[in-house]
Every structure is written in structure tokens, then in C-alpha cells.
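So, here's a batch of structures to check.
What follows is chain A paired twice: with chain B in the first complex and chain C in the second.
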Partner chain A sequence: MNKHKKLLSKITAFSFVLPAILVVGLLLLYPVASSIFYSFTSKNLIKTTYKFVGLKNYIKVLSDSTFISSFLTSLKWTIFSLIGQVVVGFTAALALEHIRRGKGFYRTILIIPWAFPSIVIAMSWKWILNGVYGFVPIALVKLGIFSEIPQFFTTKEFVFATLLFINIWFGAPLIMVNVLSALQTIPKDQYEAARIDGATSLQQFRYITLPHISVVVGLLVVLRTIWVFNNFDLIYLITGGGPANLTQTVPIYAYNVGWGQKQLGVASAVTVLLLVFLLVICAIYFRILNKLEKEGPQ
Partner chain B sequence: MNKSKLNRSLLTDSISYLYLTILAVIAAFPLLWIILSAVKEKGEMITNPTALFPKKLTLDNFRVVIEQLHFGSNMLNSVIVAGCTTIVSVIIAALGAYGVVRFFPRFGKVMTRVLITTYMFPPILLAVPYSILVGKAGLVNSRIGLVITYLSFSVPYAIWLLVGFFKTVPLEMEEAAYVDGANRLQVFIQIVMPIVTPGVIAVAIYTFINAWNEFLYSLILINSSNKMTVGIILKSLEGQEVMDWGVMMAASAMVVIPSVIFFMLIQKKIAGGLAAGSIK
Partner chain C sequence: MKAKKILSLVLSLLMLLSVFTACGTQAGEPNDTATAPASSAPAQSEGSSEPAKLSGDIIFWHSFTQGPRMETLQSAADAFMKQNPGVKITIETFSWSDFYTKWTTGLASGNVPDMSTAQPGHVSEMINAEAILPLDDLINSIGRERFYEAPLTEMTADGSTYAVPLYSHAQVMWYRKDLLQKYNLQVPTTWDELYEAASIINKGEGGAVFGCSVPMGTNDMMATRYLNFYVRSAGETLITKDGKANLTSQAAIDGINYWVKMYKNNSPSDSINYNVLDQATLYYQGKNAFDFNSAFHISGVEANRPDLMDYIDCAPMPTIKKGDAQTGYETSNIPMVIWKNSKHPEISKAFIEYLYQPENYVPFLLSVPVGMLPAIKEVVNDATFNSNATVQKFNNALNVISNAVGYGTAIGMEYGPRVEAGLITSQGVIESMFQDIILNGTDVQKAAKAAEDRLNELFEAAKE
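What follows is the complex of A and B.
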């Protein structure tokens, strides 16, 4: 009887987590496994038959100079976006923490970009920076900064910086809010004590603020790195990878191969390579996490 | 406080305010410009592109969006898809998060890492198998197909956020209910859920916003315009030969304003959870 009860209790406990396990298994792990399978086949978007092609797709992708340049563009896009988001988000959080009045007001305004759907980010900035009637380009001409209307989306010199600006605009609020909540966990008396000991603001920042928030910020940065690296929507909707593949990242490349050229097998190979790269980053991330958990202040 | 110190804090104060004001203008400008462009007359947008405020307010753009483009039905599609995604994921995630916190605490760390790893899966990686599997299941161009794929990102994220809330539930209250003869499901629904309701609502709203904002999966899984969600219909509007920016901004306003309002309501709860979730 008791044994029976124990088994029943195990079953009810398990049934709580079963749906979640099914979602992860059926919607995440199984599709990834099938993607790995298709990456070794000639799967086409329209045709139903396909055959096994071995490593052909991988060889094709890795020897394609467009893939290599897309990968480099992805790295560039990720690194510069991240630096921008962290610098803006971090400084904004420090400024917010510093001021006494209007904190809530500024915070509320500053997080607006976070709520934007990617399609509206794309459309609003395309309109604001529009090369014929856009507010900013025409204002820049009126101010005498440009002699003719700058074309932010089609000029080689501008397009990448424009995308970065938009991505920083979108991503900085998330960093800001998280740094802010990390800042608020620092006990205020530590600053008090440091001030009595004659520490400068810079020293306080270096020896109290930074160590306290480094764990949260570090992990946040890694998660954001992956997220920015994976981002498809923004670039697809704003430039579509153009002009002349100049802003084509790996996700855009995979989309073009899979849905543009209809070669899903090859597209699978691209995304599997992407996954392998990200898993390596992931492994490094957990390593750092373990290390921080051993030494960290929290 | 001596004078030089007072001056210095005055200086850092004004630098902070100046910096935050500049950032606030940049952060808010697109939303402002969407709304202002949506209520401007077409002629004014062309003759004076840098005029901030419209001379004459008009709702013509909204009329076109609703009456000619039948944007209402696309909004409804998005509401249905995001709503179903939210209900299903919150139920699955609440059960899962509670189950892990209460019955399998030793797996908590492993689970968090699995969730973080799935968070790192590129959406484009899942897009390829989804287009094949959803096609096989005969769910292309259906809202159900879309809801199922949306669970892939909403459930893990909701679990991650909810675990933090469930950890705050005192064990004694549950034990007292067990002594009174309640079973686990009763305890969960009658004791635990009421305590975490504020957190669950915040997570539900966040899930809804994310599903409402989703783009890639609906791009590959929906191609008939009466099933399209708002994101895809806006994209197809852009592809038309004569692009009317006033109309585009009116439609954008209808998509983004609910997101912004709901987001502001819950941001404090979510932000704390994000930071907490990332270190636990």
C-alpha cells in the first residue's frame, strides 16, 4: 500500500513537468536532430523526394566565399552591436542611478525601444531615415551637415553603421535595465565606508561597483552576444542583406539558400554549422559561469 | 558640504540629466514620429518633411488601414495566435516550473542550463525543420501551426522567468494544506497559484508581447493574406508598388502601441527576473 502510494506520488510529480519536457523534446531537440539529418540530404523546399548526399552540402557551404564573408559580417555585426549596446546601456544605467529626480520618468521613456516588434523597428527607421522625405536626412541637409540628402540604406559607407545604430537603439535598454537592477543590489554602506576612507568616485566604481555587477553583466553580455549573432529579423527587414551582400549575416545567408534557392538541405548545413559555433560559445559560457560561481561575491 | 563638492555634484548631475535627455529623445522619437506621421495629411508629409507637428489632424490613414486593407482581420489573427500561445505556454510553464522547484530541485540547475542552451538555438536553425514538419502535418497557413512553433521559444522563457516566482512560495503553507488532505493539483491551484498570480500575469503579458512581435516563423509558415499576422502583412505592404508611408505608419502605430503600453506595465517584474534567472 505504502509502496503503491509512493509510486503514485512519483507519477503525479512527474506529470507536472511532463508537458514542458515534451515541448523541449518535440519542438526543440527533435527538429534540431531532423535538421542535422536533412543537412546530409538533397532536401528541396518544393520537391518531395530527396537523396542522401553525404558531406556534399557542407563542402559546398564551406567553399562558398559568400558564406565566409557572411560569417565575417556576422562577427562584425555582433561585436560592434554588443560594444554599442553595453556602452550605452551601462552609462545610461549609471546616470539613472546617479540622478535623484525623474528616475522613473527617464527609465520608462528609455525602455520604449525594447517593446518594439522588429517589423515596426524596421518600418519606423526606414521612414525616419528615408532618402526622399525622411526627417533625419532632410534635417541634416537643412542644418548644412550634408549638401545632398544622405542615403542611409543604400550607400556603402553608411548602411552598416545605420544597421548598428538601429540595433544599439533596440538593445541598449535591456542592458540598461539589467545593470540597473544589479546596481541596486549593492549595499549602500560600502560606498559610505569607502568615502570615509577617502576613496575617489573612480576608485569606488572600480572596487565596489564593478565586482558586484560583473557576474550579472558578464552573463547578460554572453546571452546578448548569442542573440545578436542569431538575429534575423532586423537585417532581413531593413536591408535584406544588401546592398551587394554588404550586410548579409549567416542567418540571412541561410534564409536565402533555403527559401530563395529552395535548397533546404544546404540551408540545414548552414544552420548546423551555426549551431556548432554557438555550442562552442555556450560551452565557454558555462565554464566561465562555473568559475564565477566558485569565486563570485553572490 | 563644502563648496567645491557641491559644484562637482551639480556638474555630474547636469551631465547625467543632459545625457539621459538626449537618450530619451532618441529612444522615444520613432514612436512619436510614427504617431505624428499617421495623423498627418499626405500633402504635408511631402511638402514639409521636417515639421514636427501636423497643421491639420486627420484619421484618413487609419481609415485606409481598416476599411481598405482590412487590417482588423490581421490584428485578430495576431491576437488569436499570441493569445493561444500565451495561455498554452503559461499553463505548461507554470506546471513545469513548479514541478522542478518543488519535486525535482536537484534538476533545477541542469534544467536552467538546458533552457539557456535552447535560448541560444538560432530561430533560423528551427525554421528549416519547422517548414518541413509543419508542412508534413498539413498545418501550413494555419494559426494552430504557428501557435505550436511559438511554444518553442515561449515555454522555455516562461519557465525560466517563473522559477524565480515559485521559489518565493513558503513551503509551510503547502504542507498545511497537505495535512488537511489536499492533493498536489489542489495545492498547486488553490494555494500556490494565488500567491504567484502577479508574477504569472507579468510572464503572461511578456509571452503575449513576444508572440505578437514574432516575425520569422510566420514569414515561412503563412502565405495566404487572410491568415497573415500583423508583421507579415506590414512587410507585404512595403512590397507594393506605391508605398504610402502615412498608411504604413498608421498600421505600425496600431501594432506597436499595445506592445509599448503592456510592456511598461510589467517591465519592473520582468527585468528583475531576467537578471535573477541568468545567475541561478
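What follows is the complex of A and C.
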């Protein structure tokens, strides 16, 4: 009887967990597994039949100079975006922490970019920086900073930097809000004790602030690395990867191959390579994070 | 305690069941399983003079996102449903780009509609994917001889016609009469004259109006379109008869050089990233002296700069040499198709036939006057059509475009529907080539050869 009760209890528990397992399986495991499977096939978006092609898709992708240049652009895009977002977000959080009045107001104002869909952000910036009617380029000429209307989206010198600026503007508030929350958890008496002991502001930052928020910043960096590396909409909507592939990242390359050329097998190989790369990066990040957590604030 | 355990078990089973139920409903499954049987019964029942009663639900996708066009189709559907109480037509509207993504991704899962509009390039891909039904019976029922021949040929493969032309338009040269007058210029008839006129206006206007914007954004097909204008006027094609890309012919190289020169001297720098809407907006706002488009420009200018309505007009496409006949127009014959997995093709066919009745068809065409030219010949003599104020005001444009429609085809479809035509306009290869020449200073011959090779690779890959 007791045995029967235990079995019933186990079935009940398992039944409660099973829907979650199924949902995770369908939404996460199935797409990943199907991508891996299709990456070894000649799967075409609109054709019903396909065949096994082994490593052909991987060889094709890795020997394509456009993929290599897209990968390097993605790396550049991720590294510079992250550095910019962390520096700006961190600085804004430290500044807000020291404001006595209107903290909530400023925090709300700065988080506004997250309230808009990407299409609105992309189209707004495209309009603001438009090389014919754009407010900013025309203002820069009127202020005498430029003699001709600067072309932010069409010249080699500006286009990548302009997209980076927009991405930093968009991403920094998230870092700011999270860092600000972490800053508010630091006991104020630690700063008082440090001041009594004669610690300078820099020393307070290095030995009190940084250890307390390093885990939060670390986690944000992990998340943002994945999001920024996979970022598609902003770049695609503003430049489409152009001009002359100057802003083409791996997700845009994968989209062009999968949806443009309809070669889903090849596009799957690209996404699998992307997945492997991001897993390696995340594993490195998590090692560092574990180390930071173990050290922790003293 | 025992009751609590049983309740827990029941609850958990219910949750489990809900997951299975959610997974069990297919996205494209029709919701009329209890009504009409899935047959393609003829509209007239055998051995009876009574028309067979139509019954069932169909989904109609179209890409007419503008209010008036959408409304006229909805009105026609409502009237059809009133006449056929057993029929339900659900209209879903997507922009052309969304529509393309929707059907290509939906095909694998069976999530495509019963009937839809299409672009000519789509039709060849749909035929290649064996996704649509041949519609010869429907066309014969409407009257094959009533349609213009060129659009039907464009939609015919292996002796079967797979789409019914709904309307046509052609790309022609738009200009500003006031600017030509201001600079004492004639309407250009050759490419060289166009360059000269654009340069004079560009210089004279000092950046307020550009001579001739050249759009090259990789997320559209505009540079391919512009190159095609030039190459077709030289009597050549961007895709050869045997399905190869043709960017290294003398006409293509001359065309590339021509548009690069035009971009550098008479176009806004920003146009290197322009898509069709960016380019059209420039003209709508009075910032572009010469442009290439269909008569949709009329409604665009009317909405943005009504004060310019008296100063816009169009002319035939320029030629290479003065006096040459221009026969290489790009036309778009927008058709309707019926999907193979439709459970009620008979309803779709009956509805399409109903749309061509004058009381439905003429108001539809007049929802964008002059923008949509009739696919059926006799409509040009229709009194209601001809009495429309815009049709009367832009009668010259109507004649120029009507003439162009008779000669042209879609890009790459000069030898009939083919998958290569879809690829040359959707991959941004020619756009990338132009950007590479302009931004990186790559040699034109070298860039053209690289783009040609790239396109041929894509053509081969599509056949695998």
C-alpha cells in the first residue's frame, strides 16, 4: 500500500513537470535538433525533398569569404557594442546613484529606448540621420561643423560607427538599470568605514563597489554578448548589411542564405556554427563569473 | 488527504492534456470541417442546369495594403458571400515582402492560403515548387481572348497557364515639367540626354532637388531594375536564354558605368542604401527631377505634395540612340493564383471570375487610377473607367504606360517564367556590385564578372 502511494506520488510529481518538459522540448530542443539535422542535408525552403550531404554545407560556409567577413564584422560589432554599452551604462548608473532628486524620473527617461520596437527605433534613426532631409546632418552643417551634409549611412568612415552608436544608445540603459539596482544593495556602512580608514574614492570603488556589482555586470555581459552577436533587426532595418557588405553580420548572412537563397541546409550550418561559437564564449564567461562569485565582496 | 492526491493527479493530467491539445491544432487547418466536402466539384452540377451550390471557407491573401484597394476587394468578397451564403472568404493582407516570407515558410507546413495575389517572379518559384494549380479552365471560362497575350505568356509553363493576370503596370520615366521649363530643357529621349538634363537640374538646384537619384540598397532590387532598363534598351537581357547571368556584355558594362556616373554626379549619396520606398519618397517630396516608376507615382505625389500634381508626367524609357524604338520595358503583371493544397479550388475560381465582372473590376482598377492598368482589353473603352478625373488628367501617362505594357516583361522573364528571374532580383548581388564599385573603387569589369559568377552559382544551387 505504501509502495502504491509512493508510486502515485511520483506519477503526480512527474505529471506536473511533464508539461514544462514538453514545452521546453518543443520550443528549445526541437529547433536546435532540427537545425543540426538540416545542416547535414540539402534542405531547401520551398522544396519538399532533400538528401543527406554530410559536411558539404559546413565546408561551403567556412570557405565562403562573405561568411568570414561577416563573422569578423559580428565580432567587431559585439566587442565594441559591449564595451560602449558597459562603459556608458556603468557611468550613467554611478551618476544616477549620486543624484538626490529625480532619480526615478531620470531612470525612466533613460530606459525609454526599451519601450519601443526595433522597427520604430531603426526608422527613427534612419530619418534623423538621413543624408537628404535628416535633422542632425543638416544641423551639423548649419553649426559649421561640416561643410557638406555628412552621410552617416553611406560612407565607409561613418556607417559602422553610426550603427555602433545607435546600438550603444539602445543597450546602455539596460546595463544602467541593473547596475543601479546592484549599487543600491551595497551597505552604506562599508563606505563609511572605508572613509574612516582613509580610503580614497578610487580605492572605495575598487575594493567595495566593484566586488559587489561584478557578478551582476558579468551576467549582463554574458546576456548582452548573446543578444548583440545575434542582433539582426536593427542592422537589417537600417542598412540591410550594406553598403558593400560593410555592416553584414553573421545573422544577416544566415538570413540571406536561408530566406533569400532558400538554402535552409546551408543556413542551418551557419546557425550551428554560431551556436558552437557562442557556447564556447559563454563557457569562458561562466568560468570567470564563478571565480568572481567565489572571491565575492569581502 | 487521499482526495487531495486525486485532485492533484487530475489537475496535472488536465495540464498535460492542454499541452497536447495546443500542439494538436495545426496552423493552417481549416475550421469548416463540418461543412462542405473537400472536393473540386464543378460550379455546374452534372446533368442539371442549376449551378452547384458553393459551400466552404477559403482564405485569400493579398498584398494591397493601401486603403482603397483593400476596401474594393473586401466589398467584392462581401457581395460574393451574400450571393453564396455557404461561402466564407477570409481576407488576410500582407506587404509584398511579408507575403514572400509567409508563403515560402508556410509551404513546408501547408500553411498557405486557398488563393492569393502574386508577383510575376513569385509565380515562377511557385510553379517550380509545384505549389499552385494550372488555371486554364478558369481563364477559358473568363475568356482567354479577353486578356492581353504578354501577361498570359509570362505565366505559362509547359503549356499550362498557372496564374490569372489581375492588372498590369510598367516602369517608365517620370519627370518634372516645371523643372524642365525652368532650365529650358526638352523631355530626354536618350540616356545621354537624360544624363545631360539631370546634370543641369542638379547643378542649378544646388542640392534642393537632385537630378536623378540612383537607388542601390541591398535589401531591394532597385539597382537591378535600373541596370535592366539600360540593358533592355540595348536589346539585351540580364539573363540569357539558357538561364545564365549576363553582366559582362558590352551593354551591361556600359549600363553599369552609366549608372555609376549618374550616381556620382546627380544622386544623393544616401541613395546607395535606398529601397523602393526611399526612392519613391524622394520623388513624392519633389526632391528628384527624374525617376523611374509606374503610375503609382501619381497617388504618391498627390498624398505628399498635391501642389506638384500639375507638374508631373511621364515619358517612354530613353533609348541608346536617338530615334531607336524602345521595346525593352519592365512590366509587372500582377496575377492571382490558386494554391494546390486548397480544399475548395472551385470557390476560389468562382470568386476570381466574379472579380472580373465590370461592377467589381472597374472600381478595383480605379482605386489607384492609372496605377493599375486593366488586364482585360475591353476595359479601356469602359465609360466609368474613362470618366475618372485622374484617368482624364493623366491621359498621356495612361497612353505611355499602356504602350509599354504591350512590349515588356518582368526582369529576367524575357524567355518565360524561370527561377533565375526571382533570384536575380532578390539576392542583392547587383546592388552589392554597384556598392563595391562606388565605395571600394573596384574595377567595373572585375566587379561585373564577380557578380555574374555569384549569380550563376546561385542559379546552380537553386537547381540542386
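Everything below uses one rule, namely that the second predicted complex is superposed on the first by the 290 of 298 C-alpha atoms of A that agree within 3 Å, B and C clash if a C-alpha of one lies under 4 Å from a C-alpha of the other, contacts with A are read in each partner's own complex, and residues count from 1 in each chain.
Here is the rule we use: a residue touches a chain if its C-beta (ideal position, glycine included) is under 8 Å from a C-beta of that chain, and two chains touch if they have at least 3 such contacts.
Keep in mind the model is a prediction, meaning the values are calculated, not measured.
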Assess the superposed three-chain arrangement around chain A: do chain B and chain C clash, or do they fit?
clash
Contact-wise, after the overlay, does A:156 reach chain B, chain C, both or neither (first, second, both, neither)?
second
Who does A:47 touch here: chain B (first), chain C (second), both, or neither?
second
Touching partner for A:244 - first (chain B), second (chain C), both, neither:
second
Pick one for A:219: touches chain B only (first), chain C only (second), both, or neither.
first
Looking at the overlay, does A:139 come into contact with chain B only (first), chain C only (second), both, or neither?
first
Considering only the touch criterion stated at the top, classify A:259 as touching first (chain B), second (chain C), both, or neither.
both
Given the superposition on chain A, which partner contacts more residues in chain A: chain B or chain C?
B
Scan A:11 for contacts with chain B and chain C and give back first, second, both or neither.
second
Tell me which partner A:38 touches in the superposition: chain B (first), chain C (second), both or neither.
first
For A:75, using the defined touch cut-off, is the partner it touches chain B, chain C, both, or neither? Pick first, second, both or neither.
neither
Superposing on chain A puts chain B and chain C in one frame; which of 74-82, 110-118 or 218-226 is the clashing stretch?
218-226
Both chain B and chain C touch chain A; at which residues?
12, 16, 19, 23, 45, 130, 133, 259
Under the definition above, what is the set of chain A residues touching chain C in their complex?
8-9, 11-12, 15-16, 18-19, 22-23, 26, 42, 44-48, 130-133, 149, 151, 153-156, 236, 239-246, 256, 259-263
Chain B contact footprint on chain A (complex, rising order):
12-14, 16-17, 19-21, 23-24, 27-28, 31-32, 34-35, 38, 43, 45, 88, 91-92, 95-96, 98-99, 102, 106, 108-121, 123-125, 127-128, 130, 133-135, 138-139, 142, 169, 173-174, 177-178, 180-182, 215-216, 219-220, 223, 226-227, 229-230, 232-233, 237, 251, 254-255, 258-259, 264, 267-268, 271-272, 274-275, 278-279, 281-282, 286, 298
In their shared complex, at which residues does chain B touch chain A?
12-13, 15-17, 19-20, 23-24, 26-31, 33-34, 37, 45-46, 49-50, 91-93, 95-100, 102-104, 113-114, 116-133, 148-149, 151-152, 155-156, 159, 183-185, 188, 209, 212-213, 215-216, 220, 230-231, 234-235, 238, 245, 248-249, 252, 255-256, 259-260, 262-264, 267, 271-272, 274-275, 278-279
How about chain C: which of its residues touch chain A in the complex?
5, 8-9, 12-13, 15-16, 18-19, 23, 101, 104-105, 107-108, 125, 128-129, 131, 207, 210, 216-220, 268-270, 272-273, 275, 282, 285, 287, 423, 426-428, 431-432, 435-436, 438-440, 458, 461-462, 464
